[in-house]
Amino acid sequence: MLMETFYAFIIGSLVVLALNRFPRIAAVVAIAVSLLPLFALIYWAPLVGLTLPSYLSLLRFETEISYALGPGTILLQITPLGWFFLFLLATTFPLVLLFASSFVRDNAGGFYASMLLTMLGSFGVLLARDMLTFFIFWEIMSWSILALVLRGHDRRAIVSYLAFGSLSAMLLLFGFMILYYKTGTFLFGEMALEATPLTLAGISMIVAGFAVKGALMPLHVWAPHVYSRSEEPFVAFLSGGLSKLGYFGMILFMYGVATVPFFATWGTFRGVPYFGYALAVIGAFTAFAGTVLAIMQDDLRKLLAYSSIGQLGYVAIGIGIGTPLALTGALFQALNHTFFKAVLFLAAGAVYYRTGRWKISELGGLGYKMPFTFLAALFAIFALASIPITSGFAAKWLLYEAAIEQGFLFVTPIMLIAGVGAFLYAYKILYGVFLGEPRHDVREAPLSQLVAMWILVLPLVVFLVFPGWVLDITSPILQEYGMQPVAHTPYVITTNLAAYNTIAVILALIGTLFLALILYKWKPQKVVPHEDNYLAGEPPENYEYISMHAASNYYEPFEDVFGGIFRKGAERGWEIVLAGAEFLSNGARRIYTGLTEDYSIYILLFFLVLVGWWLLW
Amino acid sequence: MIPELLQPVFVISAALLSIGLYGVMSKRNMLKIIISLGLVDTGVNVLIVAMGYLPGGTAPIENGNYALYVDPVPQALVLTAIVIGVSVMALALAVAMGYYRKTGTLELDKEGVMKW
Amino acid sequence: MRNEDWKKISRLVSKRSLWMVHFCTGCGAMEMPPVMTSRYDMERFGMHAMATPRQADILLITGYLAVKTLKRVVQVYEQMQDPKYVIGFGSCTINGGMYWDSYNTIKDLSKYIPVDLYIAGCMPRPEAIMDAFLKLMDMIDKGEAIGWKKYRKYYDQYKRNQRMAFAYRLDEVKEIKEDDAK
Amino acid sequence: MVIEIIEKILLLSGMVALGFIIGMFFNGFARKVTARIHNRVGPPIYQGYLDVFKLFAKKTNISHGWIFDLAALFSVAGIALAFLFLPVAGISLLSTEGDLFLILYLLAIPALGFALGAGASGNPNAAVGIMRALMLMLAYELPLVMVIVAMMVHYNTTSLATLVQMQSNFKWALFVPQFFIGAIIVDMALQGMLMEKPFDIAIAPHEIASGPMVEFGGKHLGALMLYKMMAIVVETTLFVDLFLGGGVVLSVEQYGWIAYLVNFLVWFALITFVFFLALLINAVFPRFRIEQALKFYWKYDALAALLLLIWVYAGVSI
Amino acid sequence: MVALPPVLLIALPLLFAFLAPLVGMVSRRMVKLYTLLVLILNALLSILLFINVMANGVVYEQLSGFYPPVGILLSVGYLGAILAVLINVLSPVVYLSYFGEAENSVKFSMLYMLVTASSTGIVITGDLFNMFVFFEITAVGSYGLVASLRTKEAFEGSFKYIVLGSIGSAFILMGIATIYGYLKTLNFYDIALRIDTMPETARLMSFIFLIVGIGVEAEIFPLNGWVPDAYQGASNRVASFLSVGPSKAGIYAIARLIFTLIPIMSGFELSLLLGIFTLVVGELAALRQRDVKRMLAYSSIGQMGLILIALSLHSETALVAAVFLMVGHALAKSILFIGSRDYSGGLLRNPLIAGPLFLGVLSIVGMPPFPGFWGKWYLMVDLASRGAWTIILLIVFTAIVEGVYYSRYLFRGLNGEIRTLTKSEIASIIILASILILIGLFPQYLYDPAVMAARSLLGGGP
């Protein structure tokens, strides 16, 4: 059924293209096809030690397959790592399409077709057993994303995506070629890497190529533009699901193909190879700078985009440190980020669907108008800010523990302060969109959108209580790389330094909330209209013209302090690179002067040079 | 292999070629360029004909005397080349005419859009 | 514990924790700093100046009120939470004081909001203010400071008077009169 | 089993009640101290209890909707939760179930809950106040976490209970030269955490009408007061646990219940002292602007913390 | 199956081309249909020829009764057969886009058939002078096609093409003269057999003459001054056809030159160097280009450079890559040229236009599973196995540059005034895109012939 899944995706995408005029039917077809990876996921669950009831696995999927495709062979095999990331993608994908069924209106067939192709690519990437397969599916995913980016009609998004997409592809290709040159094979399993500088360069290029997709700074430039100018269901999947593939690739190549001893050849810093340490530092910088930039955004989607960049920086830190604790933390963070960022983007989409606005300063007061959207977003924001009443905290905790365990004195404070920064922009979303002065008389989002959001919230709640379940499915990955899994029970995670008992936190919270509720219900209360606000006795009349919303330029003092340093820093750097290329380009262009005399002189000169070179020398 | 006698022909051929190329490289007037191209063609044709020449050879006509006749192939080649050259030249003139009709000049302009 | 006892304790405690919001319009505000600082130190009695009416128990109006200002005062008063007390400070709030014949100053504050206590004088000395506070505490203790109840009870009447004060065209006044007739 | 659970619940509830009681005491204490510095008489030392009682006894309580109500719930519940996870006078009820990171994040629950309610009121003053509070948080957290990380690496633990245990027998972190500096840095951060002057930017009553609390009155304000008072206890306890051995002077194994009592008294004295220091600064300083506060913490305090990190880095080898 | 003589492939369109005016006398409209039918017939013939070659090996045919070396020999090799199919199948599809325009149909159609026939001639001939003649016919036809738009730019571009083309043909002639002067033969096999008997200097001179001459047509860097101007001046479908027919024929001639005719090691080195220069200059020049046709022309130059690099690596993998690159480039560039008529914006809002153009860009940029990808991948694999990191780096760099300017291209097609293409143009690009997709999904049908072509070329065959 594995190859059939791929066929189903290709045929499905053609069918939905043909159904362009009937968006509803196209959505149903797309969702039906999109469930296939989910079935595969369930069927393969025993691989990571999960025993699911057999009636859940409706279809059978091969665990390993090879398929001749012309010059090359497609080699596919499911691994625990692939399963973990497939879990993230396959669960998000149908829900995102469900959301899209009411969100995407024009040219829906193209949308679903491209979405199916992205999933096809991702599915292949997660199963790839050799570099050719990996690259083919990786690029299919990349260009189908490009097709979706094109729908946004935004110059910077298209240019930056394709430019960085080619950069990423070429870095990967270059790196793959180096590995091929050194090992003579494309198969991941058969590569025995020698510790030579060239191999290290290859691995670095590959990691850099993945960093583009994972939007690590300074290779993140495309992400804010793309995230802020595409349709929300797609962006939810891009940020939630597809960006994880970059980190999937990093783990695969840093711990599956290369190994810790390989990196340790060039020395270690506090038990972590310098390579990993550098990645962790870049990750920490990304986490911090992404957060700072997110704080300064007014466009809701840009804010979420920079927040994505920042949060994914943590994943990079975990991968860089590379101890079992850190890898577990990275995977857990990836999982959390998938769900909460998907919810946030979808909530943003629902808000846009009802109000038609993106700017935080133009929204407000939707919490009472769209309570279910608000609550879903609230949960996601709690997870984003890693408040310990969602699963968001467990991941960050693991990462902090890992960093302290290695004695990282300088990386850890940056991680922590980026975490605090997350509160700032999290509150900006809450306040600017859902709280404060109501400005739009709107209804709650449609049912399909609510269902999609709330199902995505579910894992955040479940893994809040039982973070051990995530650790259960990450343990086989660690074992595969010869590492000791992190000690845990369903609700207690234990490290060398401390323990974290979720049940204790939750029960204590319930208890204190109960106490607070008693205190609070003591007295009756009166709800007053929103306009009844204390404004130095000034009654707010004429709501049309007076705005009490403080969300525009919300963190202005912050921008005064940080704006100069961070705003457009990376972008300007890349613009300089581009300007250099364009300078060269101008030079090349000047060759073609448009004059026959010059052209014929070139020919004669070329002839003379050749004659001189060969005959006289 | 190549007879001494032919060296002046090579010189002539080279001279024609050089003049032609010089014309192409220095003139901007279409007609002058076309004339220069004609010179280049002629130079090359002279070279090819010289290739097949045998000193004292006759025309390769079937008259029983097989002993000494010039190689017919280069002549055939040259004939073809001349035909082609003429057709190219005719086309070039037609293009030049068209260009003149559109712009009123035969000079290729330097400031046009067709550059860079 | 009986309800009465409960109320009694509540009053006993409340009187020792009175928070004020100052509505400083006239020159009377000048007399407040001595009351708050070390010379007289009203914090001895748990009194405290608060920034917003939501948090305050006492509305202290220090001086004359123009009609426009009255609008704000009413707004602030209505935003306060029961139980709430009003202290009219200085003669301006009692009879207009030196603005008694001004066309746009209100003369008797208690026509518009229920005043629990007036402090006479132009200016009242800090001693007088302290005395007034103690008096108010005493009234609260005895359950006599019931301005907030009055405002609820005679809400229509107060509203009518306020409208009358805010009206600045003759037809508006006529309208109010017609409403009275009904 | 059931008895054990009931015992535990009672113990925890008692702890929360104790925290609130001490917190309310601190309110009166602070006002008294400030008044004495101002050469005033000041309110009675039990003023905090009166204020909270009065607020809960208000006749009308105005709410702006259910999101607004969440503020009261989450701020009280969150701060109590954070208190439960702190080792108090060497007694660790839940502090072995989590660690210092958990406490740092638990401290955010009441803050965010509070901010949620304040935002829901729709008052621009509240929004500005919350902005300032969050930025202040960002500002003081940097030096704070730098010192905390240094301590974690130095002691090789992240658990606060273990940290307190390691400091028993007067091996206080304060007496380690690096962390003496660290204590000074954290004390400065504490000033911001407690929102005492010069860092009471968020609730500046004269500029933004007490900021986030502008729309709170009656029981809502009462709940917030409880939160603020309890926060004093939590934050000073955090400081005491970090640097002053959590107030543990006698070992429980040796002295039994007397040790509990003495430890408790010492802990109380220490947190009062720490708070007293903050009050002294509070009484004589004017207010910073928010960007000044940010620059103060990130320039001077964080620089000092960075030097500390380098010192610890040179001293620790793993 | 009947083994049809390959000469039909050249003779038929030539014959029908000169019959076109007769048809035009009857009805002007009929001419287009007539031409299309002729081209389709030719395409079918080429496919038959292809199958024949793949099944039975190289097909030879002697013309006009003389035996080689005097007579003219047609020899259809594997690469020749692939390119013959490519040219002859794409030529009617590109011609399809011409429907819907009333003007000039007879002359245009004649020239079109002429160029198709002569380009095919280049790839299936076995005689050097014959190749020269076909080159000239191709060139003359192309000059006419470029000028067919009858604008100032068209005439100017055409004139520049004529000048450079004539100089180039002079160089080819000199090369032929040199070779003939020494070897007295023009047959490829004869030359290849006896090339070693030529003095070193003469051999090198003839190589230089030929590579300069052919290089003009094959768009190699210092010789390709005409390319941007002619492409910019020509109408879009002519530009499209130029990138299908003449340029591929030119690159085939280069391949024959360096592999069979004068296989000297320094020849490979030179063409590698030229390929690198062509690639870098072409791609860089495209980066800042505002005019879409000119940009695509520069991009063509870059692609030619890539193909040349692949050819001159002298290995099976690289030659397979070259075949994939040629096919990919011909398909994708013809889509892009046809689709970019009036390319100022709004074009990509129509999914029927956007789809093919998007696929075209993907193939050029080298995204799987399109032929451009396989080309780049195998080129990289070959370079990697030699450890030629500098060249890889340059290819990588130019690929990123390509990404940048194609993204600008895509953006320009999205915003602005809504315009559209004629139905025939849309049909044409959709057919081209489907061929692209088919090759992408079933690359083995191109891979196997490509491998045979590579082996044959490496063995010194056609």
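A, B, C, D and E are the chain letters, set down in written order, and residue numbers restart from 1 in every chain.
One rule holds for everything that comes next: a contact is a pair of C-beta atoms (placed from the backbone, for glycine too) under 8 Å apart; a residue touches a chain by one contact, two chains touch by 3 or more.
A quick note: this is a predicted structure, and the numbers were derived from the prediction, not measured.
Please give the intersection of the contact partners of chain D with those of chain E.
A
Using the touch definition up top, find the fewest steps from chain B to chain C.
2
Compared with chain A, which chain's mean CA position is the farthest off?
Here the answer is chain B, farthest from chain A.
With centres defined from CA atoms, tell me which chain sits nearest the overall protein centre.
Chain nearest the overall C-alpha centroid, as shown: A.
Contact counts by the stated rule: is the higher one at A-E or B-E?
Of the two interfaces, A-E and B-E, more C-beta pairs touch across A-E.
What chain lies farthest away from chain E once each centre is taken as the mean of the Cα atoms?
C
How far is the middle of chain A from the middle of chain D, if each middle is the mean of its Cα atoms, in Å?
Each chain's C-alpha centroid was found; their separation is 36 Å.
If you average the CA atoms of chain C and of chain E, how many Å lie between those two points?
That gives a centre separation of 95 Å.
Just the number, please: Cα centre separation of chain A and chain C in whole Å.
59
Can you tell me which residues of chain B touch two or more of the remaining chains?
As it turns out, chain B has residues touching two or more other chains at 21, 24, 33, 108, 112, 114-116.
Can you list the residues of chain E that touch 2 or more other chains?
In chain E, residues 159-160, 163, 167, 229, 289 touch at least two other chains, as defined above.
Considering chain D alone, which of its residues make contact with at least two other chains?
58, 60-62, 209, 214-215, 218
Let me know each pair of chains that touch one another.
Per the contact definition above, the touching pairs are A-B, A-C, A-D, A-E, B-E, C-D.
Show me the residue ranges of chain D that touch chain A in the complex, using the header's touch definition.
Residues of chain D touching chain A: 9, 12-13, 16, 56, 58, 60-65, 67, 69, 72-74, 76-78, 80-81, 84-85, 94, 96-102, 104-106, 108-109, 111-112, 115-116, 119-125, 127-128, 130-131, 134-135, 137-138, 141-142, 145-146, 149-150, 152-153, 156-159, 162, 209, 214-215, 218-219, 223, 226, 289-291, 294-295, 309, 312-313, 316, 318.
Using the touch definition from the top, list the residues of chain B that touch chain A in their complex.
Against chain A, chain B makes touches at 21, 24-28, 33, 108, 110, 112, 114-116.
Could you list, by residue number, the parts of chain C that touch chain A in their complex?
The touching residues are 23, 52-54, 71-73, 75-76, 79.
Which positions of chain C touch chain D when the two form their complex?
Residue positions touching the partner: 10, 13-14, 16-17, 37-38, 41, 43-46, 50-52, 54-55, 57, 79-83, 148.
So in the complex, which bits of chain A are touching chain B?
Answer in residue numbers: 589-590, 592-597, 600-601, 604.
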